[in-house]
Amino acid sequence: MSVHVGIIMGSKSDLPIMAEAALALEELGVNYELTVVSAHRTPDRMVDYAQTARERGIKVIIAGAGGAAHLPGMVASMTSLPVIGVPIKSSNSIDGWDSVLSILQMPGGIPVATVALNGAKNAGILAASIVGAFDATIGNNLDAYKKSLKEKVEESAKEIETFGWRKALEK
Amino acid sequence: MSVHVGIIMGSKSDLPIMAEAALALEELGVNYELTVVSAHRTPDRMVDYAQTARERGIKVIIAGAGGAAHLPGMVASMTSLPVIGVPIKSSNSIDGWDSVLSILQMPGGIPVATVALNGAKNAGILAASIVGAFDATIGNNLDAYKKSLKEKVEESAKEIETFGWRKALEK
Amino acid sequence: MSVHVGIIMGSKSDLPIMAEAALALEELGVNYELTVVSAHRTPDRMVDYAQTARERGIKVIIAGAGGAAHLPGMVASMTSLPVIGVPIKSSNSIDGWDSVLSILQMPGGIPVATVALNGAKNAGILAASIVGAFDATIGNNLDAYKKSLKEKVEESAKEIETFGWRKALEK
Amino acid sequence: MSVHVGIIMGSKSDLPIMAEAALALEELGVNYELTVVSAHRTPDRMVDYAQTARERGIKVIIAGAGGAAHLPGMVASMTSLPVIGVPIKSSNSIDGWDSVLSILQMPGGIPVATVALNGAKNAGILAASIVGAFDATIGNNLDAYKKSLKEKVEESAKEIETFGWRKALEK
Amino acid sequence: MSVHVGIIMGSKSDLPIMAEAALALEELGVNYELTVVSAHRTPDRMVDYAQTARERGIKVIIAGAGGAAHLPGMVASMTSLPVIGVPIKSSNSIDGWDSVLSILQMPGGIPVATVALNGAKNAGILAASIVGAFDATIGNNLDAYKKSLKEKVEESAKEIETFGWRKALEK
Amino acid sequence: MSVHVGIIMGSKSDLPIMAEAALALEELGVNYELTVVSAHRTPDRMVDYAQTARERGIKVIIAGAGGAAHLPGMVASMTSLPVIGVPIKSSNSIDGWDSVLSILQMPGGIPVATVALNGAKNAGILAASIVGAFDATIGNNLDAYKKSLKEKVEESAKEIETFGWRKALEK
Amino acid sequence: MSVHVGIIMGSKSDLPIMAEAALALEELGVNYELTVVSAHRTPDRMVDYAQTARERGIKVIIAGAGGAAHLPGMVASMTSLPVIGVPIKSSNSIDGWDSVLSILQMPGGIPVATVALNGAKNAGILAASIVGAFDATIGNNLDAYKKSLKEKVEESAKEIETFGWRKALEK
Amino acid sequence: MSVHVGIIMGSKSDLPIMAEAALALEELGVNYELTVVSAHRTPDRMVDYAQTARERGIKVIIAGAGGAAHLPGMVASMTSLPVIGVPIKSSNSIDGWDSVLSILQMPGGIPVATVALNGAKNAGILAASIVGAFDATIGNNLDAYKKSLKEKVEESAKEIETFGWRKALEK
């Protein structure tokens, strides 16, 4: 089965966050690949990754980076595939604003689909929804996932309504 | 030819911004529909729009809104299609931070693909790149578009290098 | 005795914060109900909650949510009851700005009465003051509460003035 | 007919903004009074206003102020009535953050129901919803108002869908 | 010897911060008094404190408060004495911006001399410099204090230059 | 009569703002001097100004500067007199945050009494209140000024209450 | 004479700002070249520019860009020359924070020497100071420039002190 | 061998951060000196350091400071050498914004080459790149350093691609 989503990140230290994208894709039945590509430390590798992604069958690229986060935008500049950017809150980040703004505020012509700060899980789900728009199986998996979210809320509600919030708080 | 992208906005006053998404889709050869749907003033209409989009053949929804912008996230909660959010800087906006954060910072499970403030043009291009990942014609149109961006920069560079920046500034 | 205040929140994980609203209402003698309703994961449940609240005798709704917090505003769009919004600082929040702005900056026509970040206690007191404006008993309870706040400050002042700030600091 | 809402503001220069609260109340059939009370320039007048409001039959106070905006919070500290705060963007405001934060971030025990920056119209509607929770006529007026908001959106949508967005944009 | 500086704060919980103002005044030989006065919980006490300060011989008031911090500005509105405001970072503060802006951004006519976030020590020194401008002994104490600051820096420099930064870092 | 307040600013372009400090001092009967001293362009002149101010009889220095505003803090480091800092919003300012924070957030030991953005008028009044704490005439002028502020508010209130807000708005 | 400074910018629309860098270098006697290089639209051109700069004799690169500004950081990743970044406030910028943070907050290993928002003039002077550290003529030009800054301040001061600030304000 | 880089900081407490600049310079073979110089506590020492640096053979000054950080800008005002500013996040910093803005936003004429918050390592590398632009040995050391950064990324990538991200995460 072919790989549809490529997950890349600027540093191995981003892996604990970015692994959530991989887990979401696994749960939704989407094949992916995952590796490290740094815009600033391996620019040639980044060019190569971005320019060959389409011909290798990739449909969506998820790119995570922190601080002055250039990886998502630079990759988007070199491919016509949709690129999802995950702003990561790095250790000397100014509250995450740096990675959010350097991924979100792309100039006209080169969009990056930005998700929430450290929102790698949502990046995975968004990638699945892109694949699922053209693939009924994945689309159905997403519907099932949405249903499971709903059921968890309903269970919480039932627990609180039945036993009272004080009991629910103790658990 | 079927419609692949649905463009919605919270108010007709958002049209001057959101029209840029339509123009980008036209330039890239992607069929779209465009209307007004308000999360806060027509919640039923929003539910209906979101829940029927997929069966009507829509592949991507672009939703623009300002201030406490709930339309993109609420639509995303009711469909498994990818939703692109355009934060619009409304008249009493706190510098655009309100719409940016109320679209971007979605909770785990319900992503919105957020673009730059007032970035409707990029929303159109992003929607096209999603369609183009599965449709070679649109993909090629995007490649041609990227090439045209490159050529404009090269022309500017040539003009400045040939005639000097003072002359270029006069034009 | 009928229930006058409905407390809802987007997730059970918001309960430790939102319980303070319940405690404040209990202290002020106002009946309430409390449950979980998610704008993004249970949109139908939210519509149902909002649209039936008034006929069930509810006078005020308190809604707490974090991140891109849509629950208070969406509920406000579906009821003519006053809705109090509590911005909650979620784990990946950008310093709380996301929930504050997505609750506060509602468009013209659909107000949400916003309180401070994590200010569920104040939401409870505000709800009591709304009920108390039309119910002398609750109004008197509020007056007594205000008096107790005053007395605590006066006790602190007396302690410091009598024993000196160094002694007061040791306690 | 008795006056149910008191509108106050820190300076006559706030009147162009605060007049929108009065207009909203008129439209919704709620009686109000409107005057100038400054926390910093007429503290005695403020104390008097706040402490007598309840006995004069007022049910809700709307207070607007800019910059380091202390009027809403100080009034709230001297009455058990609900106080709605309108942050006004003054001429040397730091983008409105000053008035928003000095009204919103009240300490535990003294809530202010804060609305959006310059959101006096919403303050009027919120005050009406508080009165309307206990007065069926006002409640019905609010329902009719909400319906009119909905119809305006539907008209816009119909116009765009019928004539196309280019025509709609021209108007 | 008469008391020249009054230190007040909104809550006993502010004492660990505000004690630094007292310590600075003690070190510089300025007599002070210190107590708790809350703008929101003891408004009458605040009015009384502010209006009698001058006749009691006070020359400067230092007022500390957190969140929507109204104490310094309200006191300043009721006395012609200089008021120094100390923004305190409270537990649910939005990074301290709330107290900074609600103290700093006072409207024209009612200044508050604002110091850094949690800067009670500097508030004490500033109060001493005000007294010292008219009292040669205090002025000389300040000069001696400034000299001691200088000597500490010079010692650090000498240590690093003599033993190297690695050794200095170990200590 | 001796000069009690020295007003300095980083550039002649700051004069339209800083002139308001001079006007306030004139109105309150305080003698002052006014000139241009730049921390970055005339550091020697700044050192000389700061170190001789006290012996020349100056009691308070008002220093205004924009952007990375170092003048108030540097002057404060070289004198034991109280220094009032006026953050000025320069043409390429980031919304005034730069001058506010570079004046306000002084390290422990070297306070600057910071006023609101562009708040030169308040700097003048604050300087007068410092002089007035030790000079009964100036103190009385301040009391009269406060009374005039109060009367203006009361006039506005009377106008609105007598003729209605619509008439008042027309003027 | 060889070219020592390369000025590049992401778009011709940045030229009015970036021209100030050129003017500063001309005034200080430093040879430069100026052209347009876009990180996002001409990535290959950017790689080529960065990788050949050193061998062409360039000593410093000045790169200006707006929004999610990646040009300075990407160029810095591909050369060992010092790169000066100029954050430009683009038309849909969020108050300039986007370009400031995407240039300033570079990860460890790849510095960019960032100057103020729209601070192209200072970028030119900084580049000259780098060249001037190794070239006595340029160093002397900088000393002369600093002297001229000082003289302008002294003239302003003299004008105000001689004729009074009212006269100076009229000019 | 002569010293080319001077590292200074406002306080010995900044040493743990600023030591990273020293380590980077050692790794890249650049001679440096390091000491403590405070703008606010030892202004004379600062003047002396800045004015003699050039004649002592220094080519670049690195200055680190926190809060209202004036050291880098003041030193830059007194030398024609390039000055690199390191914003340090001090204990009562408002998220680092204070030191970032008081170093970055220098007025026209006096640039400071600003690096990321706590980015002393990058300050060291930037200083080396300035020296390396005129010294082939240092330039080559930088090329080797860049190569080592690249190799570390490639190793991480290989590890993840060979053993899978789950294994890589365990290490």
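Structure notes:
Letters are used for the chains, namely A, B, C, D, E, F, G and H, taken in the order the chains are written, and counting of residues starts over at 1 for each.
Methods note: contacts are C-beta pairs under 8 Å (C-beta built on N, C-alpha and C of every residue); 3 or more make two chains touch, one makes a residue touch a chain.
From a predicted model like this one, the values you see are computed outputs, not experimental measurements.
Graph distance from subunit A to subunit E, where chains that touch are one step apart, equals 2. Counting steps between touching chains, the shortest path from subunit A to subunit H takes 1. For chain pairs B-C and B-G, the one joined by more C-beta pairs in contact is B-C. Over half of the residue numbers at the subunit G-subunit H interface are used by both copies of the sequence. Look at where the CA atoms of subunit B average out and do the same for subunit E: the two points lie 51 Å apart.
If each chain is reduced to the centroid of its CA atoms, subunit F and subunit H end up 36 Å from each other. Averaged C-alpha coordinates give centres for subunit A and subunit B that are 19 Å from one another. Inter-chain centre distance (subunit D to subunit F, centres taken as mean C-alpha positions): 34 Å.
Within subunit H, contacts with two or more other chains are made by residues 11, 41, 67-68, 92, 94-95, 97, 100, 104-107, 109-110, 112, 116-117, 119, 146, 149.
If you check each pair of chains against the touch rule, the ones that pass are A-B, A-C, A-G, A-H, B-C, B-D, B-G, C-D, C-E, D-E, D-F, E-F, E-H, F-G, F-H, G-H. Chain contact summary for the complex, subunit G toward subunit A: residues 10-11, 39-41, 43, 47, 66-70, 73-74, 76-78, 90, 92-94, 97-98, 101-107, 109-110, 112. Taken together, the subunit F residues at the contact with subunit D in this complex read 89, 95-97, 100, 116-119, 146, 149-150, 152-154, 156-157, 159-161, 165-166, 168-169. Of all residues in subunit H, those touching subunit E in their complex are 11-12, 15-16, 19, 22, 34-38, 41-42, 45, 67-68, 92, 94-95. Subunit C meets subunit D in the complex at residues 54, 59-60, 80-82, 84, 100, 104-117, 119, 121-123, 125-126, 129-130, 132-134, 139, 142-143, 145-146, 149.
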